[in-house]
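To keep things clear, I will list the structure first and then write my remarks on it.
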Amino acid sequence: MSMRKVLGFALLMVLAAAPAWAQNINAAGATFPYPIYSKWFDEYHKLHPTVQINYQSIGSGGGIRQLLDKTVDFGASDGPMTDEQLQQASVKVLHFPTVLGADVPSYNIPGVTGELKFTPEALAGIFLGKVTKWNDPAISGANPGVKLPAEDIVVVHRSDGSGTTYIWTDYLSKVSDEWRTKVGKNTSVNWPVGLGGKGNEGVAGLVKQTPNSIGYVELIYAVQNNIPYGSVKNATGEFVKPSLAGVSAAAAGAATSMPDDFRVSITNAPGKAAYPISSFTWLLIPAQIQDAAKKVAIKDFLGWMLTAGQQFCEPLAYAKLPKEVVAKEQKAIAMIQ
Amino acid sequence: MFWRKSVNVLMLSLTGLCALVAVSVLFFILGYLVYHGGKDVNWDFFTKLPKPVGEAGGGMANAIVGSSKLLLLAALFGVPVGLLGGVYLAEFGGRAVPFVVRYTADLLNGVPSIVIGIFAYALVVMPVHHFSTFAGGFALGVMMIPIVLRSTEEFLRAVPPALREGAMALGASKWRTISSVVLPAASRGILTAALLALARVAGETAPLLFTAFGNRFWSPGWGQPIASLPVMIFTYAVGPYEDWHRQAWAAGLVLLGLVLITNIVVRTLLSRGTSPQRP
Amino acid sequence: MATAHTTVDAAGLSWGPRALIRRLRSGDEVARLITLLFALVVVLLTVLLVDQLWINSAEARHRFGLAFFWTRQWDPVFNQFGALPFIYGTLVTSALGLLIAVPLGLGAAIFLAELAPRRLSDNLTFLIDLLAAVPSVIYGLLGIFILVPLMRTEIQPALKRTLGFTPLFQGPAYGIGLLTAGLVLAVMIVPFIISVSREVLLAVPGEQREAALALGATRWEATWKAVVPYARTGIIGSIFLALARALGETMAVTMVIGNNPRISASLFGPGYSIAAVLANEFSEATGNLYLSALIELGLVLFLLTFVINGLARLLIFLTTSRGSLVHT
């Protein structure tokens, strides 16, 4: 091997090696907030060019698992970690709410462009496989004047471990006893019917391409892809269309009574204007971070996220955190050692 | 007789049709990729990083570099092991050990790539709690080993005994014979087999899903997660964004183009030389 | 014993301490040891792989035992895991793939080996070998955007109209599902059947064909009645090889199969294969039992492909002169 080749190879290795001053932080988890997270990490990188936060949207289940395996520096999930999962972690895990979002029933029915109204019974029936055709009375009853076809409903759900699934099944468990006992709530459940898509992206993709389908996705995925979505009847009996106002209304009660560990469910929340399938989504941060530089970067990012970062929420159809929650979280950042 | 003659003509045409259908699939694939992806293979594609989700534009520069780094690692790991192992099988081996080695190499070759990914996850990712380029390269390298091993053995065996005997008659030791005479004689075949193996693993997605993981940015060094073309194609294809779909087509065209060009060049060189080998 | 015995073994090496030092100095022994070491790396890797699969699936194996193979439930909420839906999906899609690919592939192989002029045959085979090099994810890409809409709008409704009386072709036409996955697999394994069968057919001694022709057979009759039966074992071997390939196929399948662990009688229904569920759920299985069940699935897949590959190689070995074929 000639000297030149050796030098060239060494140069290649050096060029490919890490600059000592760059921070590479790896995170993974929920697809629900992926649009806002990818925007945040991009913006933060512009402000702090030496910090790269590489977020992979593999689903909330993946975020929790990779965090527990310690293969990522922090995780993200729309379903808070259960007590068993927290026990499995070798260090304490802190939940930091980031945004509020809506899980919406999006659908693709050729010929139906308007907004459909869904009752809790209809949604539970569709996803249980009991309501099989679009013109079933359970659906048409709430939508007089809309011509629904006598076609089979194609149900689309998640094939991966998902916080969006957790939110959806959490809601269905609250409104349907049959769902609660038969299927339950989790990031991954035994779906009675339907096709599985990977990530919010996969479900949106399937709904968009499959006529007569219905799937649950985070609001922004329906909006960005021009997929119609319907309104849902809330606990007080009002049909509320998913929106920032509806989500904020759902969070209003929780804002003042937020538990210290920030784990709370706001599905089927009381209140006239509340959208019933809303949720916080959390970043899962270990309470102890060994790498000092990473710790500084993560804490700084959290602080930025709670203040300047919140301005990016609404253009992407996520609701900002309530003031009380922000204040509480800012205090909680200090808990990261 | 007429019946038999017409059956003859019929079957001739039918089998010819089968061959035509099989071959035209290749042209269909190429055609669709060029049609859908051609216009999006532009400067941006090769030089820009991915944009935030939902925003149009951006490219796959990090994935292209990522795939290159992964393949470099795969070759660094797979080729020496396969080459030297093949030398042992062809030149030194007895009965028992080579049989076991060949058997396990064939076994390893038949393992589905997703299982290799799980293996690499358990062996390389878990102990250090880190997804990395290194883990991805390892997984791909493991897939290359059996191909390089068996090809090296075949090509070494195909070297005429006269060459060996000539070297030994001049007083060369066994190793000298191998390194100076036999290996160079077989080198073209071995190189082509290694390139074909590389082209094969270049398109593998499954083993990278939980080893190299993925990266929206540049991946410095070898210990960080890294983006790769096949994984990007998969991620973008199953997503809902039109922009993602366009980029997936473009990436598919680039990937397939590279794989096919390597295969065409290498196989042409090979068929002009030693006996045809299926890698 | 003070003096060293020097015996010469089959490989021409000498034993005994003085001879050992002589060999070490010449570099041959070092070379032999080093290359042996590298060759053993292959064995080590394979052993490690099986070991990892075995150990990490222990929890699931102990919990479910043999019932794992016929349990239909795949329920992470209630921690009930069964392999049946995935085995079903894997077998059905592979069988479908074979059903379509074998006649097509065999026909093409017969054409290329027996009936086509040599140059045409070589050129076409070259192109078909290229097809074998196309990555799986590219097939998946074409599957999602070209085949699935076609299935949903044209092919599945047509099948429903004509064959809808059988339970196989009933139900809504999603486009995605077992049938589509089977079709994609067929396209992917055809090149393997063609190239191996062609080689096997070419290896049949010319006397077979010539004898048939001498007796007055037409080209086709000579081929079908004399040559093909002679190569039958090898052709079946090629089918097994293609089957092993189909069983392990991941990306293209997961993009079009529907990803639902149901056992659907209708081919229009969504399904799940072992490889697909591993790709989707492995990186996120929380809970040791869940992960362990997934790895047990990986073990099952490994064993399945191991057995089928072994059979394939045996059959091909019995027909051609070369021992084993390492295929991409």
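All chains are identified by letter, namely A, B and C, in their written order; residue positions are counted from 1 within each chain.
In this text, a contact is a pair of C-beta atoms (placed from the backbone, for glycine too) under 8 Å apart; a residue touches a chain by one contact, two chains touch by 3 or more.
These figures come from a predicted structure and were not determined experimentally.
**Q** Using the touch rule from the top, work out which pair, A-C or B-C, shares more C-beta pairs.
**A** Per the contact counts, B-C leads.
**Q** Quick one: point me to the chain whose Cα centre is farthest from that of chain B.
**A** A
**Q** What is the distance, in whole Å, between the centres of chain A and chain C, each centre taken as the mean of its C-alpha atoms?
**A** 38
**Q** Could you please state the distance in Å, as a whole number, between where the Cα atoms of chain B are centred and where those of chain C are centred?
**A** That pair's centroid distance is 17 Å.
**Q** Give me the residue numbers in chain C that touch at least two other chains, ranges are fine.
**A** As it turns out, chain C has residues touching two or more other chains at 283.
**Q** Could you list the positions in chain A whose residues touch two or more of the other chains?
**A** 197-198
**Q** So which bits of chain B are touching at least two other chains?
**A** Touching at least two other chains: 238.
**Q** Hey, which residues of chain B end up touching chain A in the complex?
**A** Residues of chain B touching chain A: 51-54, 69, 125-126, 129-131, 213-225, 235, 238-241, 244.
**Q** Residue numbers of chain A touching chain B in their complex, please.
**A** Listed in rising order, the residues of chain A that touch chain B are 16-19, 22, 24, 26, 28, 34-35, 38-39, 41-42, 45, 52, 54-57, 69-72, 197-199, 201-202, 204-205, 208, 220-221, 224-225, 227, 316.
**Q** Which residues of chain B touch chain C in the complex?
**A** Going through chain B, the ones touching chain C are 4-5, 7-8, 11-12, 14-19, 21-23, 25-26, 29, 32-33, 36, 80-81, 83-89, 91-94, 97-98, 100-102, 104-116, 118-119, 121-123, 142, 145-147, 149-151, 173-176, 178, 196-197, 199-200, 202-206, 209-210, 230, 233-234, 237-238, 245, 248-249, 252, 255-256, 259-260, 263-264, 267, 278-279.
**Q** Quick one: in the complex, what on chain A touches chain C?
**A** Touching chain C: residues 58-66, 68, 84-85, 151-152, 154, 159-161, 183-191, 193-198, 206, 209-212 of chain A.
**Q** Can you list the residues on chain C that touch chain A in the complex?
**A** On the chain C side, the touching residues are 73-78, 148-149, 152, 171-172, 174-176, 254, 258-262, 270, 272, 280-281, 283-287, 291.
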